[in-house]
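Chain lettering (A, B, C and D) follows the sequence in which the chains are written, and residue indices restart at 1 in each chain.
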Amino acid sequence: MSDKQYALFEEQQKARGIDLEKVKNKIKGLEVETPSWGFGDSGTRFKVFEQEGIPRDPFEKIEDAAQVHKFTGSSGAAAIHIPWDKVDDYKALKSHAEDHGIAIGAVNPNVFQDDDYKFGSITNSDPSIRKKAVDHLLECVDIAKEVDSKAISLWFADGTNYPGQADFRKRKNWMHESLQTLYNALDEDMRMLIEYKFFEPAFYHTDLADWGMAFNMANKLGPKADVLVDTGHHPQAANIEHIVAYLLDEKKLGGFHFNSRKYADDDLIVAAHNPHEIFLIMQQIVAAEEDGGDPGAARTAGNIAYMLDQCHNIEPKIPAMIRSIMNVQNLYAKACLVNLDELREAQEKQDVLWAEEVVREAYEFDVTPLLKAVREEMGAAPEPMKAYRASGYAEKILKRGKGGAG
Amino acid sequence: MSDKQYALFEEQQKARGIDLEKVKNKIKGLEVETPSWGFGDSGTRFKVFEQEGIPRDPFEKIEDAAQVHKFTGSSGAAAIHIPWDKVDDYKALKSHAEDHGIAIGAVNPNVFQDDDYKFGSITNSDPSIRKKAVDHLLECVDIAKEVDSKAISLWFADGTNYPGQADFRKRKNWMHESLQTLYNALDEDMRMLIEYKFFEPAFYHTDLADWGMAFNMANKLGPKADVLVDTGHHPQAANIEHIVAYLLDEKKLGGFHFNSRKYADDDLIVAAHNPHEIFLIMQQIVAAEEDGGDPGAARTAGNIAYMLDQCHNIEPKIPAMIRSIMNVQNLYAKACLVNLDELREAQEKQDVLWAEEVVREAYEFDVTPLLKAVREEMGAAPEPMKAYRASGYAEKILKRGKGGAG
Amino acid sequence: MSDKQYALFEEQQKARGIDLEKVKNKIKGLEVETPSWGFGDSGTRFKVFEQEGIPRDPFEKIEDAAQVHKFTGSSGAAAIHIPWDKVDDYKALKSHAEDHGIAIGAVNPNVFQDDDYKFGSITNSDPSIRKKAVDHLLECVDIAKEVDSKAISLWFADGTNYPGQADFRKRKNWMHESLQTLYNALDEDMRMLIEYKFFEPAFYHTDLADWGMAFNMANKLGPKADVLVDTGHHPQAANIEHIVAYLLDEKKLGGFHFNSRKYADDDLIVAAHNPHEIFLIMQQIVAAEEDGGDPGAARTAGNIAYMLDQCHNIEPKIPAMIRSIMNVQNLYAKACLVNLDELREAQEKQDVLWAEEVVREAYEFDVTPLLKAVREEMGAAPEPMKAYRASGYAEKILKRGKGGAG
Amino acid sequence: MSDKQYALFEEQQKARGIDLEKVKNKIKGLEVETPSWGFGDSGTRFKVFEQEGIPRDPFEKIEDAAQVHKFTGSSGAAAIHIPWDKVDDYKALKSHAEDHGIAIGAVNPNVFQDDDYKFGSITNSDPSIRKKAVDHLLECVDIAKEVDSKAISLWFADGTNYPGQADFRKRKNWMHESLQTLYNALDEDMRMLIEYKFFEPAFYHTDLADWGMAFNMANKLGPKADVLVDTGHHPQAANIEHIVAYLLDEKKLGGFHFNSRKYADDDLIVAAHNPHEIFLIMQQIVAAEEDGGDPGAARTAGNIAYMLDQCHNIEPKIPAMIRSIMNVQNLYAKACLVNLDELREAQEKQDVLWAEEVVREAYEFDVTPLLKAVREEMGAAPEPMKAYRASGYAEKILKRGKGGAG
């Protein structure tokens, strides 16, 4: 039935004037990093439910991440988190990854889990703590160079819980100063991705609270600094695809942390809630990729670092990551099916219903046959979830027991 | 200066027709329990910053809670959490509390931190887990009887993270069945307080998601079941004082968990953010207390169990609790200063600006002199924070070291 | 290609064990009323953009509504709004509708546009205004009897803008009293649908602010009173499908006002934003319809009054309504494709990923071929939008000019 | 009693080390414009309740605005809205204002109420409509020059309702181009204030959706362009005082539209809901004014254009404006009472509770005696509301009847 389905899908898309080979190539070019920490145990402030089979060290995390790539074909790198993924020999970690068919992705410093950071890291009013935090950032640049990673992915928990607790403006300037030091340490082909977050763990103010603050910082620093959009870090109802288009136009969109949320930063499987939103984000990106009018935006869109950032608190980690990558593939594929010429025409005619229909039409397609074909051609599994379940890997890792690396 | 201030305040209130003795008596009648767990270390999913001097067992928690009462005069009971406050001899715990001048308040079962509860406790599709959870609830009733507490305070983390994960309607009925068993075990003079929560730790649905679900459950169960309002458990912009008035009218408002939040369930010092909201809640309560027209509402208002439910992640616990109680005293006092006769007249005349002004006027008063006088008359400290700081208690408990009871 | 697509779809669903004939019959049974007011000009407080071709009286509104049914097959009734649709001869209006192939749906009283209602209608502190409002409600019952409508659909703008402005508890009781009078006037086979709304036009409190208040009112009144869910009337992030399931379990879900929103009560084309949410709502309904375990819930689900309630401020009205009905058909059809046996099994095994997948799988299907077939079998248009555009109706009504009935 | 109260207040503040003369001078320097449109009828999309005594033309609006200044002493200018305040002779309008003791404040263009702007004004894909909108902006610059106003206050309703409806990036560039033309037409001593808004009347995307977009635009344009913060134009829970401090640090905060809201852009009396928020905003401003460390921030803070932007839908306009100005005076006065030296010390010691207490302490004062004294010294009314009510002005304007200028 699969073949018939694909044949019919192809016929259908051809009739719409879609160049399906091009679409397939675009999907094949999609790369979404998994986060090493997403394979470890996680939870809420109320409880971490430990799972069996959790990787016990960074090497096992890499092995799990490699499984996701093996079956989906779109996840050829794993982001690491320092110090959670601290090892004696980073070259060995890199080789281990390569042996398993993937690369080391973005390096993520951690300046929120040391007691010193209770009142902030790079925005702490104590200069010795700021220095400690900056030193850690610089250490991560060194690690990135060792593992051949080109991206430092920066998230800061820095903020306050109470009015009066700290001086917003001083902290803003301390952050700039700290990040400037980091910026200067980057090689020319490296970049820093600056993430923002509306709230949590700080509950009154967060130093980088929204895209505007991250963007302004990236602007001040220079071309090696870009903004990273985490889909769970916005106020309710924020129009994320608008922010994405805006940053593309400014050539300052550097990357994504994909996940889904209904309430706060829930860090669930991407597109589990409101898949339409991810589709609309992807639609902005594809439109920029294809937009001859603004080569800078096209270049920016083509250079986005896609990453998952999820916590699988109650579901098994590896299949949850596979499902997440499949969802991203699915929604990116749909975005590629929007007839951009028709959309432009409808927009120029200010025909609201037609324009909306052009976008919706692409969303409504069932791209399962297309994705099966693409994955097969990439040497991955047409049905990744089924293939993973049949592989026996889930059973094999049970011998690791409980209590893996945090 | 204090005396002059009070004299002037008295003169001012008399001129407004306020019976200041009555107000003072009302404030003296205010009782707000502290939560034993609020004296222990707490944090976010990202980090628990350990503090020095944290109580090492339930007895020390009681001692800390007694400090709050000693200086504020309004916190004569401490709520306990089982199993966190499990002891061999509950009578001893009760005596210990009495020796320190306070009582044991509401008993709070915990059915969210055992591995079995990963997919729910009293709404789990596995009947053996539901039974285990109900058994724990019944155990808490026994403990309540031992410590002479009349209230079981119920919060359930039960919910799901993904569409399809569970059957909403089955869970609803399992919850009813489970709580009926608990209800039946209560003595006639005991009551259960049913708390609701918009989200967290469940990120798709929560079985008791709002006041309507808690209220309907309490209605089905009967007169010993009431609703508990946690001020941090609502969607953004919810009008909590309206819900409070509604539940008063239905005679189903049982208690409060006071805290403040700007974003989600941030569990900060009560009234640190938007103190006006707590004032408006208190205004509804005072209006019901004084309302001759509905004796049932007055009785309900007079029987509310006030409790704090806060997590002091970055600030020292005891003074944070003292500050919280002071804030509640402050806003309750202001609510008592609303001229209800004038308000009624303004409302009847549909004079929007006048009615608003009547309420605002009370909010604007500085009730510091009043509260100093009241605390003095109660034998507490006129300036609790200063008195606590001077007492040396904070230094004394440092010898407990770090790593106290969770 | 259409035939091939349907054949393949049929084969695919059969392979999944889906009874496609049953699904088709369910879709054919779907009836969604359009609102007469949705065909008139509407806008925001900033501007009403007048369109050409707007119906000039209730009869022309009915004609436009009939167009929606003609092409979609699922919209065989139009709700009316009094006094906007006041006519001298309601029998004539009914006949006019029948002549155009549709019926008169729910009757909607309007107690918010008269100057008297500035401070409330049935909750106004002035008894003469309450009486006036109740009289209008009773008038609407008479009209309903004349046009053979069985439903009175009730939305109240009643609320306040400022703290202190009015007495919440008195208003609650006045509302009960007022609605009791209405309730008593209903024939045994009639029902009243009580709508709630989070806010707007009242900006401090709304008397019926959430499902819990509407539900409690419906409970007090009796079996002829049910709750109406407007999909745009909730706080951000509210889990509407949970509320729907809850009301089904209580046998108190009476109807829907479908529309979509990103921010407040935006009243846009249903499923234009977050179509997944409507799918999940429909999934709860279909599950109840099919659930042998609770015949009451099945009966309730089978008796839901579906209505659109939308304002097409910038797009032409009739095609926007057609698009809306198509979207409802689409998402209901997908909901019918969930394999409920498999879902139950996955839920019982507490296999989160599997259960989620079962629901998602249905959402991913492209049901276009199915809906084409169903519409064809119903005598409607396989492609309603295309057919409407080709019909010339849009051009024909231009002669009505601008400035139609408000 | 008033004298005694003030004497005691003075004593109390002196004891805290507050320079009360300086505080009084700061309050005297506070200038808050009223909006001419706020004196006209307004409402929601559901209903405009007409009031008696509404001004019938711009001249009468000025007269009403002058009343607000007469009694409060802090509202010496009225912003105007073109074309609502279009007159033949702007010099005459200016003289009329001066005759009544006030000036003409910011000029507000209106590019949202013409049919042409249905799909946008300066971001419309039709260049002739963009030109029309820009021409209107330029006309407003001319008017500003005529009335000697130095500020053009810009709010754009531009946005879309549906995905796909328009091209975000093109619109962004059209806006830049349009505003550049306006910018170039400004005299060196004039400035443009760029307002942003989260949503409404556009319900999918708004071209200037947040402070980041307004700030980036102002940055691109140059030193004559600043950001205007409307307190009702943010997502729920946004930390506005943080944004304010951020813009002060960037020297790009140009002005405020004060109002309050609980839900959306409710445009209610400022500080009617959550007065604490306005206090915290003012605290950031006062801190910048007094901050020797950053003269640029101090200069920016000293140069803020404060304006009300409110709709008094159900309450009489003039006293609602008086109440609003009084509330701003009240919260600014409290902000002036924060002991900044102590705050700095507490912040440097990272003593969270102390720092919070320093800010809270100022908020708790009853500044009524202070404000009475200040108003008296300014020649305004110690109790503005009382004085206005006694003045007979409200009765005098009744002869204007209903149906004043829109």
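A few notes on this one:
In this text, a residue touches a chain if its C-beta (ideal position, glycine included) is under 8 Å from a C-beta of that chain, and two chains touch if they have at least 3 such contacts.
Which chain is which protein? Per UniProt: A, B, C, D = L-rhamnose isomerase / sugar isomerase.
These numbers come from a predicted model, not from an experiment.
Each step here moves to a touching chain, and the least such steps from chain B to chain C number 1. Note on connectivity: the fewest steps through touching chains from chain A to chain C is 1.
Here B-D and A-D are compared, and the pair linked by more C-beta contacts is A-D.
Centre-to-centre, using mean CA coordinates, chain A is 40 Å away from chain D. Counting only residues that touch two or more partner chains, chain A has 119, 161-163, 198-199, 204, 236-237, 239, 262-263, 269, 272-273, 314-315, 352, 356-357. Partner chain C is touched in their complex by these residues of chain D: 42-47, 49-50, 112-113, 115, 117-119, 157, 161-163, 198-201, 203-204, 236, 261-264, 266, 268-269, 272-273, 313-315. Within the complex, the chain C residues that touch chain B are 119, 125-126, 161-169, 172-173, 198-199, 204-205, 209-213, 215-216, 235-239, 241-242, 245-246, 248-250, 280, 283-284, 287-288, 291, 294, 297, 343-344, 346-348, 350, 352, 355-360.
Every residue of chain C that touches chain A in the complex is listed here, in rising order: 1, 4-5, 8, 11-12, 15, 236-237, 239, 262-263, 269, 272-277, 314-316, 319-320, 323, 330, 352-353, 356-357, 363-366, 368, 385.
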